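A single structure is presented below for examination.
So that you can tell them apart, the chains are marked A, B, C and D in the order they are listed, and the count of residues begins at 1 in each.
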Amino acid sequence: MSNIIYYVSFIILGIGIYGIVSQKNLFKQLISLSIIDTAVNIFIVALGYVEWGEAPIYSTITPVANFVDPLPQALVLTAIVIGVGILALGSVLLVHINEKYGSLDPDEIRDTREVVE
Amino acid sequence: MLREMVGYSLVGIGAFFYFLAGLGLLRMPDIYTKLQASTKATTLGTFSIALGVGILDFSFLGKAILLIAFVALTNPVAASVMLRAAYKNKAPVCKETVIDECGTMVDGNGGDVK
Amino acid sequence: MRRVWAILVAGVFLYFLVGQFLPIIPTFGNVDLFARVAFDIINKSTTTNYNAVEFKKSKDLEDGSANVVTSIVVNYRSFDTLGEVSVLFCAAIGVGILASMLKSKKRIEFEEHKVLRISTGIVLPLILLFGAYIFIHGHLSPGGGFPGGTTIALGVLLLMLSNNEFKVTNVAKYVEQSAGAGYVVIGLMGMAIGGVFLMNFLPTGVVGNLFSAGVVPIVYTFIGFKVGAELSNVISDLREG
Amino acid sequence: MIALLIAVPLVFAFASIPHERLGRYFLPFVAMFNLVCLFFFMHPEQILEVGKWPAAYGIALVLDNVSYPFLIFVNFLILMMSLSATLENRYGTLLLVLTAAVNGIMLTGDFFNSFVFLEIISVIAYIVAAHKDNALGAFKYLIFGGIGGTMYLLGAVSVYVKSGTLNMAYASFITDPMVVPTICIFFLITFLVELKVLPLGLWAPDVYSNGSSVTPIALGSIVTVSLVYLFSRIFLNIFDLPNPQLVGILAMVSIIFSELGALKQKGLGRALSFATISGVSTVVAALSMRESEITSAAYFYLFNDVVSKFILFTLFAYLGERGFKSNKTAGIAFTFASLSVVGFPMFAGFWAKYYLLKALFQVNSYALPAIILIAAVIEAGYLIKWNVELWYKEEDREKDREDVEAEKAEGVEEVEEVEDFVPFGAQVVTLLLALTLVVVGFMPGLIHDQTMSIANHVLDFRPYLDLILKGGM
């Protein structure tokens, strides 16, 4: 039962994968990708939790170390920034697709393509 | 003792306003009334919760007042901008609407405006 | 049919995660910090012997930032951060390239809102100040270059939403250039002074002071400027088309 | 000192932001600088602990006998690409960062660091894939690559949980038979996506066939070589590949389907893309065997495949609708490259297939050789068909002129000399590479000695471990 946060992040991950495979709309696929990112980030932060540990910052409240593992947090910081970059890139690609084919649905795109080519 | 009573009752009032906001979001018929309910409540709710916590813990009072100032500065503007955007995009009005002061909405009596 | 496939794929994956992966990771909260490198990083004793660190007392440690996450991000694993900056940099360039390739070069125009415009005048300096605060205090409190830069870029976004004529000028590009090159140059300075790339060559000071942690605040300031300029460029590219 | 290989391209990339065209002039010089540094100032077996933090805490860059030849090869390819491809505005800057990233992914000895470099490479790959208005293909790649990247992150983090550090050498201490396969599956998914083994590599044909001279070369040659390096580092050097049969079967199925796909295609671009998939799948199938002769042959195969596909794709990009009648140099290079892909004697490709088959027969493996031979026959079929078609193509001058006029009317003023359509740089580069293939065809020892040395080093993890443990923990 203590592992519930792992299960939660796995379920979010499963939702993301389900979304990518089941959804036709390309924008929804991008959102699903971002959901997967989020799930993995939650999971990684959870991996570093030490019971009764505090946020890993030396301050007036916590002058001596009794911290959770800070390294996964640092990794997640990097992963979040990378995720943002990919999300921005994906959305501008979608703007392109929408301009070229007038739709974000693969079926309609295929029809337009056949007409064009 | 008095301090705690005042503080907790302020926090309680804030929580009540948040509850009202949630209720308004569920019960109100269109976006204008929904936003009206939720912004009023969140602004006031945030004010009184921040003030309540500030009174409970005096070292936080300065920060609480600052917080209130920022919320007062931003929240109404955000709500106004959102409503304006909804209005410009001709979001549908509920049937009970009587007055449209800007006068650009097609049908004063409401109904689904496309 | 698609849904069946999707449920199948997600199910297989979940089965793998729960059945294979979950048993090999420690249960939530039961982490043996001693077995991980993070333990020595928290105590700032990867090269020296173990000594408990105390806030505002410990002096001249190998790494002086009070925020341990920052000391990992900008000091112990600074090379990762250099890569991270490059990822964002490439994404920004990509958005620029792709936005300039769009056929409809129509700028997004709108009517200005007086209330928004006036209140922006009041709020914007506060937002910029807050962004600068976040990245300057990155080694003392939660925050750092990336959130700080994002906050600044949000200020630019607010300005853009409230003001129809506002344009991000070429200055943003020069800021981006000099801040990005500055980070690498700091790394190369470490190479010139200490012989190793990205070395922390300044004195680290007392844990918890503003002027401490050596190059960490400087690097975070560079990152803040770079991310702010970069994201402003992204926003402006998307608007100008 | 090793860090210069990464720092210098990055500085130039950052410096070229405000001036859009600057990056593309920097690129050849930076690649030259890297090559000179590698040849004259660096030698294998050295380690750099970035920021002076000992290996397990910080990030260690390692230059050893495996990464050294790979680095030289990749930087050579980048130099060749910078001379042959037409780079539009800002692509130069991107490729500078790509140079830094591929050098980084080969030097780094840290899982998370390699994830970061992998993501830089992927982000650049998505942008480059969208070249020539191919946003749909790029988006497909983005979705596949995004999942792959996430899996790599999960793998890296599980290494951290199990070994307490992210260092690759320390990760080789994980020997628990329960744990290693699970970690490896995460990494494997990434590599199946990025090395385009078929079920997960479905994005590749759309991306490679967009008709630009940058995309297939940057992705198909440079990125592929660096990822094959990472594949061998993780699965041959650090961990043992847990279920090689499965990978082998996947790769073999991928070879068959990609060759059939290539046969079916009407356009040359898509046919070549499928041929690339088949080539890389062969390398993956051979590498999964974990045997030194086979590994060496696989690297030889990779060399031949990458160089000849470089030539084919470059010429395809400039060819457009025309044939070889007006440009014999390009035609000769194209024919040489296709003969080498097929494995005609006197070319490097012959030796690649010969060594591979010989090594496979020595370990009594017959399924893969059969598939390789079938694939070679199919490849011979469609490549010779295309060669004949292009050599005997009657150039439709009327149509060309109409095209030119139509383009002029649209305001594009580039395609004017119909006579000499391949730029001078591309002609020289492709001819040079074609001659390299011939030279290697006569003297296979040149490459074979190198690949043998790589194979022997990559299959023995102790030198690598010693190099990093030198400082001690």
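Quick note on the criterion: a residue touches a chain if its C-beta (ideal position, glycine included) is under 8 Å from a C-beta of that chain, and two chains touch if they have at least 3 such contacts.
All of these numbers come straight from a predicted model, not from anything done at the bench.
Q: Comparing A-C against B-C, which pair counts more contacting C-beta pairs?
A: Greater number of contacting C-beta pairs: A-C.
Q: Round to the nearest whole Å and give the separation of the Cα centres of chain C and chain D.
A: Taking the average C-alpha coordinate of chain C and of chain D, the gap between them is 31 Å.
Q: How many angstrom lie between the centres of chain A and chain C, each centre taken as the mean Cα position?
A: 17
Q: Go ahead and note the Å separation of the Cα centroids belonging to chain B and chain D.
A: Their C-alpha centroids are separated by 57 Å.
Q: So which stretches of chain A touch two or more other chains?
A: Expected reply: 17, 20, 47, 71, 78, 82, 85-86, 89, 93, 96.
Q: Specify, in ascending order, the residues of chain C that touch 2 or more different other chains.
A: Touching at least two other chains: 25-26, 36-37, 41, 77, 80, 83-84, 87, 90-91, 94, 98, 101.
Q: Touching pairs of chains, which are they?
A: So the chains that touch one another pair up as A-C, A-D, B-C, C-D.
Q: Flag every residue of chain A that touches chain C in the complex, lowest number first.
A: Its residues touching chain C are 2-7, 10-11, 13-15, 17-22, 24, 46-51, 55-60, 62-65, 67-71, 73-74, 77-78, 81-82, 84-86, 88-89, 92-93, 95-96, 99.
Q: Using the touch definition from the top, list the residues of chain D that touch chain A in their complex.
A: Answer in residue numbers: 112, 116, 119, 122-123, 126-127, 130, 133, 135-136, 138-139, 142-143, 146-147, 149-150, 153-154, 156-157, 160-161.
Q: Under the definition above, what is the set of chain C residues touching chain A in their complex?
A: Listed in rising order, the residues of chain C that touch chain A are 2-3, 5-7, 9-11, 13-14, 17-18, 22, 25-31, 33, 36-38, 41-43, 52-56, 66-69, 72-73, 77, 80-81, 83-84, 87-88, 90-92, 94-95, 98-99, 101-104, 140-142, 144, 146, 207-208, 234, 238.
Q: Any idea which chain A residues touch chain D in the complex?
A: Residues of chain A touching chain D: 17, 20, 26, 29-30, 33, 36-37, 40, 43-44, 47, 71-72, 75, 78-79, 82, 85-86, 89-90, 93-94, 96-97, 100-101, 109.
Q: Considering only the defined contacts, which chain D positions touch chain C in the complex?
A: Its residues touching chain C are 3, 7, 10-11, 13-15, 17-18, 48-54, 56-59, 89-91, 93-94, 97, 100-101, 104, 112-113, 116-117, 119-120, 123-124, 126-127, 130, 133, 135, 158, 160-162, 164-166, 176, 178-179, 181-182, 185.
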